[in-house]
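Here is the structure we will look at.
Lettered A, B, C and D in written order, each chain numbered from 1.
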Amino acid sequence: MEVFTQSLLDQALALGKLFTKDGKVADYIPELSMQNPHLLGLASYQDGRLLTAGHADIPFTIQSIIKVALYSIVLEHYSMDELRHYVGVQPSAKPFNSVIELELSNKNVPVNPFINAGAIVTVALIHRVYGDRSREVIADRLANLIGRKADYSEKVKASESATAYGNRTLIYLMLSCKILPADLPVEEILDIYFTSCSFLVTCRDLAHFSFVLSNEGKDEDDRPILSRVNAQILRSLMASCGTYDYSGEFALRVGLPAKSGVGGGILTASPDPFGLAVFGPALDKHGNSYAGVRMLEFLSQALNLSIY
Amino acid sequence: MEVFTQSLLDQALALGKLFTKDGKVADYIPELSMQNPHLLGLASYQDGRLLTAGHADIPFTIQSIIKVALYSIVLEHYSMDELRHYVGVQPSAKPFNSVIELELSNKNVPVNPFINAGAIVTVALIHRVYGDRSREVIADRLANLIGRKADYSEKVKASESATAYGNRTLIYLMLSCKILPADLPVEEILDIYFTSCSFLVTCRDLAHFSFVLSNEGKDEDDRPILSRVNAQILRSLMASCGTYDYSGEFALRVGLPAKSGVGGGILTASPDPFGLAVFGPALDKHGNSYAGVRMLEFLSQALNLSIY
Amino acid sequence: MEVFTQSLLDQALALGKLFTKDGKVADYIPELSMQNPHLLGLASYQDGRLLTAGHADIPFTIQSIIKVALYSIVLEHYSMDELRHYVGVQPSAKPFNSVIELELSNKNVPVNPFINAGAIVTVALIHRVYGDRSREVIADRLANLIGRKADYSEKVKASESATAYGNRTLIYLMLSCKILPADLPVEEILDIYFTSCSFLVTCRDLAHFSFVLSNEGKDEDDRPILSRVNAQILRSLMASCGTYDYSGEFALRVGLPAKSGVGGGILTASPDPFGLAVFGPALDKHGNSYAGVRMLEFLSQALNLSIY
Amino acid sequence: MEVFTQSLLDQALALGKLFTKDGKVADYIPELSMQNPHLLGLASYQDGRLLTAGHADIPFTIQSIIKVALYSIVLEHYSMDELRHYVGVQPSAKPFNSVIELELSNKNVPVNPFINAGAIVTVALIHRVYGDRSREVIADRLANLIGRKADYSEKVKASESATAYGNRTLIYLMLSCKILPADLPVEEILDIYFTSCSFLVTCRDLAHFSFVLSNEGKDEDDRPILSRVNAQILRSLMASCGTYDYSGEFALRVGLPAKSGVGGGILTASPDPFGLAVFGPALDKHGNSYAGVRMLEFLSQALNLSIY
């Protein structure tokens, strides 16, 4: 089986640095636009050994990567047949914030839990189970997945909340289509969602998260964080929907299940028990770390990581 | 020239009564759904003489008919060239609350001021000029148009406000497309809009309003309420956009500029100086009074009212 | 009542000439793209007197203006209730060749007979009645409307036919949605349609056509060409749909029912018995003669022609 | 590693038989609608041993499964960067024949080669290279993939060709958007496409095809039919786009790259060197064999075949 080495990670980093100038930091959230586009890091976890290169310990906001954790919670409380009425499992050829995709989709159900509309529904489903405790439950789940308690950035959250017109469009469209119940506490749901997206994590954290997904749901101490079945469901969804409308291209280039966030992180997963994550805030036009994808492409070819 | 008579109005009413069962009262606002579907009334104003038949003095909420008054205000503060950047003048083949029409429209500008998205923009433009005084300005304009000060229904307003998911979808979509400015006081704008839609008027009131539109903007005492040019702009828009995606059919059947509301009222206008309005809360699927359209069709043919 | 004079037409022409440079000749049909953009003409017909200015005798292809003649034929063979299943009467905010408008429209029925999809359906309905005689019937109808037998341009027809991808898209989409019957002779229908669009007419011809529409369907010798009712239906449709997605703006500026063609002609109509038409091949982005609209706007204001 | 046994295939067949009544044979092509919905078969190929159960030798038309073979040809003549201008690699949440997906997609390029629009482009690209020899090249490629020369059904081809309104809509839409060149021989391209879809194959054939895809492109005699890289590209695309808008659900249930056809076949692929295919003409609403998916789901769980 493939073995990560410090030398390989260093090579990947060197390659990635050539591409940081080709991406652009997210500018739709003022706070994010101030990130340094040249930050770059990666981390692997295998056979009990963590390797890192570059800025693997610089915290960044988790953003859409949290959608994996959110969906992992609802999988424990609803059957796939129930979930189907609220959110699909189908990849999409539209951007993550598409209103038209939602309006044209089957019965207006968001096509999958990794686009914004689907993640908002996911939070509403968590809130239906846990109510006021939702924030705590999400924070605990993330803590288990990354191996430590994470803080969140008040600044990013406030910044996101202030300009969240697209997300408000989506939540009200779903309310008007009755995908969401009329008595939904809209502001509370959005607040939980924005808080969740603002957790501060590092590459090191995400390598741990990645390992749990790839190790049949168990962490490095063999503690079960996710069920084996749910870990596989998440990997399957990450493979087809994890990098938005770039998922098809990502499958060809990297071939690993993955979930990206506009904070610059990319979390991967695999049916083989290793962890791998990258970070680079300069993004491609789909919202994925530009240099991050290049580093993953290099490692995938070097270690034959593609699942296809 | 055509002359309205009591006998003609009575005949129209008798005909209309055959059709009240074919419509359905609006049910998207709980308060409206309690209306009696068999109410029916009409009123004409000509040569200083008001004629009525049926429930011409029963108050109902003005709903979308207020959009004529709202647009009349912005016409006084912005040139047509300025307005074009915020709201078009183009009829639409889509329903009044269409999100997809907005998303696909030219630069996301609402196609005309009589669909919901366009009316919300109109209120935002009024608020930019008048700020806190907007409610008062709108109430005064309506008072001038109907010839008396109108109250509004707190109940209908509250009911509408509580379920306004579609309108919130539209306003946030326009914010996210930058049609509306980022610092827009969303809740204030919506509150003004819902208040405006909840004014209580009667057929008698709307016959007065209709006369002003048709009398080159002057009321029965020859006081100028609207400029001659703006009255004509409003008539032109009412002709092509006044009854939503039924406007083409309405032009064939009735042939008068008109604006309908889901409260059951229909306001007409004409290049000839008479007033005509009907009321019947049972609606067709486009949101227009079903029996009201039949009464207008009868009168149009009897008196040769079509402008085409 | 308003009276056209030579002096007024000359003024309109002088004004129009200032705008010929602001339009662009149609380029989607190679043969049309070779037209001289500075051609400009107009003609009026009133009280038995024809007035012209500029290039009123230069022939150009009738293009979409023929849709008025085509629809006038089906109105004689189908009731409005029957027609509703094949083509609507609703204005549209989309361009004349929109595929998406058709796919999203109510039951996929073209929204009105003046967009391409609707005109193709109209030809299919004529063909169902007249079969092989359809070309002759259409040519005769046009002859009656313009007062002489018109030839058609083989070159323009061939040019249009060779590049008619958009029209073929529409006809096959309607076949796949079963708006058109499975045994439709597709190439025959398209050939009739392209022939019809290629008739060569002049401003003088269209002033005659305009007079028939405005004179309750009767020509200058009082011969009934159209029924009074059908002439009014055509005027109503021209008012709301005649200049495509510019119809709302045209109603404000000119206020006359009208039908434009990408050959540069604009045919008007009115409830008052006069004829008026313009020609200028340089088009605005909606496909209407740019200078032609300006000349009509001038005449409408000078003679108070608006129907609104 | 997982080992197929006769007993397992028999169990899968017994299970599948419970579900044949839940599907519906394709009815959009008259000739297909006459298939017996209760036919059911499967075949595996592993370690040189072919196992079959049920109707594994009954021929059926290959339909969309041929798209894998078609795309394998263009991969040898164009780089991925060139292909991107003609057809994407992105999964879709829309049905296989969606016009609106095409019109709204990025620059109107079909989102992937496995929807109809994408396959038509693929045929056009083959024709550009091979011209008149295209039919022969495709037949040869299929022969290499299934291990024998296949005939095609004239009846199905004629039936499909006669009712191909949807496919004609797509090809003309792409011509009008200039995705396809103006001088494209439309009828020739469609004829090649319909011929290709009408090849008659069996489960046994598809198990062979599946083995080639999964064995790094080499057949059972170790002859290279596809390059290793292209075999992986095809597996990756089959994973995300192979079962249309059911691909996400299929990934969860079965977890194997696959391509289905409305003839009832499903071809699978895997990074592990075995072949697996099923056949059952009663389809789900997405166009995939209903019982076929259930048999694959059973085998995937029994043998732990999921790649995720």
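Going forward, a residue touches a chain if its C-beta (ideal position, glycine included) is under 8 Å from a C-beta of that chain, and two chains touch if they have at least 3 such contacts.
Because the structure is predicted, anything quoted here is derived from the model rather than measured.
Visitor: Could you work out which chain's C-alpha centre is the most distant one from the centre of chain D?
Guide: Chain B.
Visitor: Need the CA-centroid distance for the pair chain B / chain C, whole Å please.
Guide: Distance between chain centres, rounded to whole Å: 32 Å.
Visitor: Can you give the whole-Å distance between the Cα centres of chain A and chain C?
Guide: Whole-Å distance between the two chain centres: 55.
Visitor: Can you give the whole-Å distance between the Cα centres of chain C and chain D?
Guide: Once rounded, the distance between the two centres reads 47 Å.
Visitor: Among all residues of chain A, which ones touch two or more of the remaining chains?
Guide: Where chain A meets two or more other chains at a single residue, that happens at 100, 104.
Visitor: Report the complete set of touching chain pairs.
Guide: Here the touching chain pairs work out to A-B, A-D, B-C, C-D.
Visitor: Over in the complex, which chain D residues touch chain A? Could you list them?
Guide: 80, 88-94, 100-101, 104-106, 111-112, 232-233, 235-237, 239-241, 245-249, 251-252, 255, 257, 271, 306-308
Visitor: List the residues on chain C that touch chain D in their complex, please.
Guide: Residues of chain C touching chain D: 99-100, 103-104, 163, 165-166, 168-169, 172-173, 175-176, 182.
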